[in-house]
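Labels run A, B, C, D and E following the written order; every chain starts at residue 1.
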């Protein structure tokens, strides 16, 4: 049963050259910010290390922080045996968002990442099949959950706005 | 070109009687395509369950649109689904009717403002006969919609209305 | 001598579309089956036919306005959705809710669990071919809907559990009617067992079909009855207790592989029946200890949480439902992400169905019990 | 004078005429408004991919083959079944030999696996690339 | 009797024969099959409704009695869709073949001692042979409608009917060994007297063989009832039109009157199969408790009574089929084949040999 600070120490020892930053001033839970392109190595470590043993990814959500002109992805991890939780955050640039995919570690992340791509346009590197999941496959009007998204006038002859 | 395609200019006793018989037969055995979209589909299932029995009116669920004459659009129609519904409607044999159940399929319902993927009303795609308001409408409301449709069928006639 | 073993002779692969309109896809889900004769080589689910842009609505509406939209996500367990949203928001705001509200919320959530399991078991029987249990389950479910109707006026989507309290107090004879319901419902579970659970053909169709090992289930993030059927005792009400669940004693039914290996479709089916009995126990205890008080005392007039984020979760009939809410200090949330259990559970369909026949895909799809409103949000 | 089979054939004729007559009668009444979309084959609302007219499973051919053997066997047994009583036990033994031979044929097919319909060949779900061993994890008491 | 009437009407025998043949074959169709079908479709909905706490059709006529009439008149008005890329001649001919196959079986079924369609001397095997037409019709319907669901449905139903015909034939063969006749007419004649003379209770007369036969006759009845259930595609063997898997099986693409023909053929087949089981084991048109006609000495009343008994027995078995449909779930294809090839056929074999020995004592 470890809390976020101890996990941060373990991460720092294991990955000396990666930068980790703990933010716990905001209410409720603290989270660790790390580099988007190495998130899969960190996840491998978190998954396989016996003390941490994060064997289940609860939630992966994309967020559009338009004021800071960046897209971020939050990972909620949990260990069913040791019963501790962890929140990771990854920040990428808004114009060419790229994050390493964690599908090889947690198979559950597959559709979460496809949804983040569909809604925000975040490209996940070496994802098995990165396609739109909720929107129609031929939807060219961009990614709907971005703050600066406008509705197309027509889609296949049907008027979209009211 | 069957009898039902022809338009008669003046009605007479034979046509009137034949019409009544055919309309009565059509309205008393409406076979429904077993097809539900969202929360209204659960209310439709509750309507065809034991408490409010749809079978009392001769409505039985048929799996394939080829055997059905009525399609109840129960739930939110999204843009991705709208093209499929249009095809299903097209594939039903000719004397076919549509009940749009729930405010989602009537006019987009609670998703009318920010629903970028929601079609604002099924009547933009297929011609609707009866609208049943409510979100989700109670089974009694759906039964009332069905009776409204039966009255509408009872009044259809082959004689061309004198415009 | 020609070897007539069918595996030796390659037949051409046929792609079959179990499309949006299919009697047993539990809503608008399209399964693309790659078939070899009757054996399935690949299943690819296509979803998104009911994507109603819930998260876009959350960014445009104030906190209390979101509650009716949470009902429409998993429309078979609306009370569970509202409770999840309320738990997450109360964690973010840090407000304390009077005990009476907590007890009523537990009663409502457990009644909703029984109603949702009844639909799941009924449609599962109908998928296997036995149509009568489906109608018996709906007959019992009508009684629960009547209980909901006398408290909050609606049968299916209630807008009953608000942030910080409830919309109405209990109906005067709600307690008596609920006790009558519990008395009537116990024998009907036994009747359902006799018709379906111990029926030889049902067991043949579901035992050893769609076996989900524990390690794979945890890796896929599966939760709820599907995970417990694979043998692990994992329930949010016990492992991450919220509301007043810690005050009741109830045990967590786990799949034991009575008719075949642990984690097959029969286990997933039978775990839900045992869970219904557990829920009855919880409701009885909650009714006995029901305190009084005003249910609307702790409802804040204007919800304006300071900037921050929270992840609140709840044990829904289909699994762990989580709300990840990010607020930026204004009255409307900056971002709400819902971790829907069916969305995560449907991913295992592709893995589970390899090598089975068409009839088994329907069995497995029915046993994991998904709701499309929650998948497509 | 009509033979008995003549009467039976008239039964079939009457049935055919009845069906064709009814379908024709309904042709007079029913509307006929074909549209391109209506004449597409139905596939749950999707546009049909590929054609169903492909070589399908060999299993059906094998079943038909085995059925043929048993069918011929029964046809041969009919006259024996009618008249074996006249010859007493020897008559029965003749038929018994025939039946036992057939039973052996069936046992051979059973053993060879031709009676097996296609059993599902299940591949257990795999995570991180190595096949998950049998469900050996004991009940994780948490 | 009808024949000589026509002979002196037309003079020459051939035309008279054909005329009387046509009249005789029209009789069961319009007098029995159509009213029975109207009643059976409504009965199925009412029986299933009351079994499920529902009411069934109520609004159409008092308690829904003319629901099926409304269905048929509506089906006449339905547009008949022949999809563009179907195999048109096959597509249109399939329902004709299916109904012809199932109606031809009524030629050899004795409705009463007075009336039988055609005195075919190998009665029961003619019926089993003719139901082969139904198999061809279903295959034609499935293949011609160019729809994956109907193809799968028809392939499964052909494999099922074919593999369940063998246990039927073996049981029928064992009965032929006991009764030494194949015509259902004489078979029913032999089971006269009271119900203990029926073959289910070991056949006519009092002898050691009769009591020895009872167990194997019971096994034979169970086997033939299960396999005839499968031949008619009723639950638990209704895989070809498995609603939850194959949408509507082989008649997915049919609409309007052609679909009504499939529907009618299914119910006619249901009755034909029940009639065969009743004729073989339950004394066809013989009454279990003697005839009213004998008591009152009214001679012409007996055939009518016999017809009523025969209809009652058939409808009872049809009711049992409906009863099974709304309680049991459905088998999978390979389990279905296993039941026939691995359980029914071996047991029917052994039953045949045992009966052979018993009849020789």
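The working rule: a contact is a pair of C-beta atoms (placed from the backbone, for glycine too) under 8 Å apart; a residue touches a chain by one contact, two chains touch by 3 or more.
As the structure is a prediction and not an experimental result, all values here were calculated from the model.
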Any chain touching chain A and chain D at once appears in the list B, C
Once you count every C-beta pair in contact for both, which comes out on top, C-E or A-B? C-E
Which chain, with its centre taken as the mean C-alpha position, is closest to the global C-alpha centre? C
Just give me the whole-number Å value for how far the CA centre of chain B lies from that of chain E. 37
Length of the line joining the C-alpha centres of chain A and chain E, rounded to whole Å: 64
Would you mind pulling out the distance in Å between where the CA atoms of chain D average out and where those of chain E do? 18
Chain B to chain C, mean C-alpha position gap in Å, rounds to 31
Show the residues in chain E shared as contacts by 2 or more other chains, in ascending order. 52-54, 77-81, 148-149, 243, 247, 252-253, 256, 333-334
Two-or-more-chain contact residues of chain D, please, as numbers and ranges. 27, 29-33, 38, 40, 42-46, 48, 52, 56-57, 59, 118, 120, 127-128, 140, 142
Going by the contact rule already set, what residues in chain C reach two or more other chains? 14, 17, 19-23, 38, 48, 51, 53, 56, 135, 139, 216, 219-220, 232, 234, 239, 351, 357, 360, 376
Along chain E, where are the residues that touch chain C in the complex? 48, 51-54, 148-149, 152, 235-236, 238-239, 242-247, 326-335
Taking the complex as given, what residues does chain E use to touch chain B? 45, 49, 52-60, 64, 67, 69-74, 77-81, 243, 247-248, 252-256, 259
Chain D partner contacts - residues on chain C that touch it in the complex: 4-7, 9, 11-12, 14-15, 17-22, 30, 36-39, 211-216, 219-220, 230-234, 239, 254, 261-263, 348, 351-352, 354-357, 360
Where on chain D does chain E make contact in their complex? 1-2, 4-8, 10-12, 14-16, 18-20, 22-23, 25-27, 29-34, 36, 38-44, 48, 51-53, 56-57, 59-60, 63-64, 66-67, 70-71, 74, 77-78, 81-82, 84-85, 88-89, 92, 95-96, 99, 103, 106, 110, 115-120
Under the touch definition given earlier, write down the residues of chain E that touch chain D in their complex. 3, 13-14, 17-18, 20-22, 24-26, 29, 75-86, 92, 95-96, 99-100, 103-104, 106-108, 117-122, 125-126, 130, 133, 143, 145-149, 151, 155, 158-159, 162-163, 165-166, 169-170, 173, 176-177, 180, 182, 247, 252-253, 256-258, 260-261, 333-334, 336-338, 341-342, 345-346, 349, 352-353, 356-357, 359-360
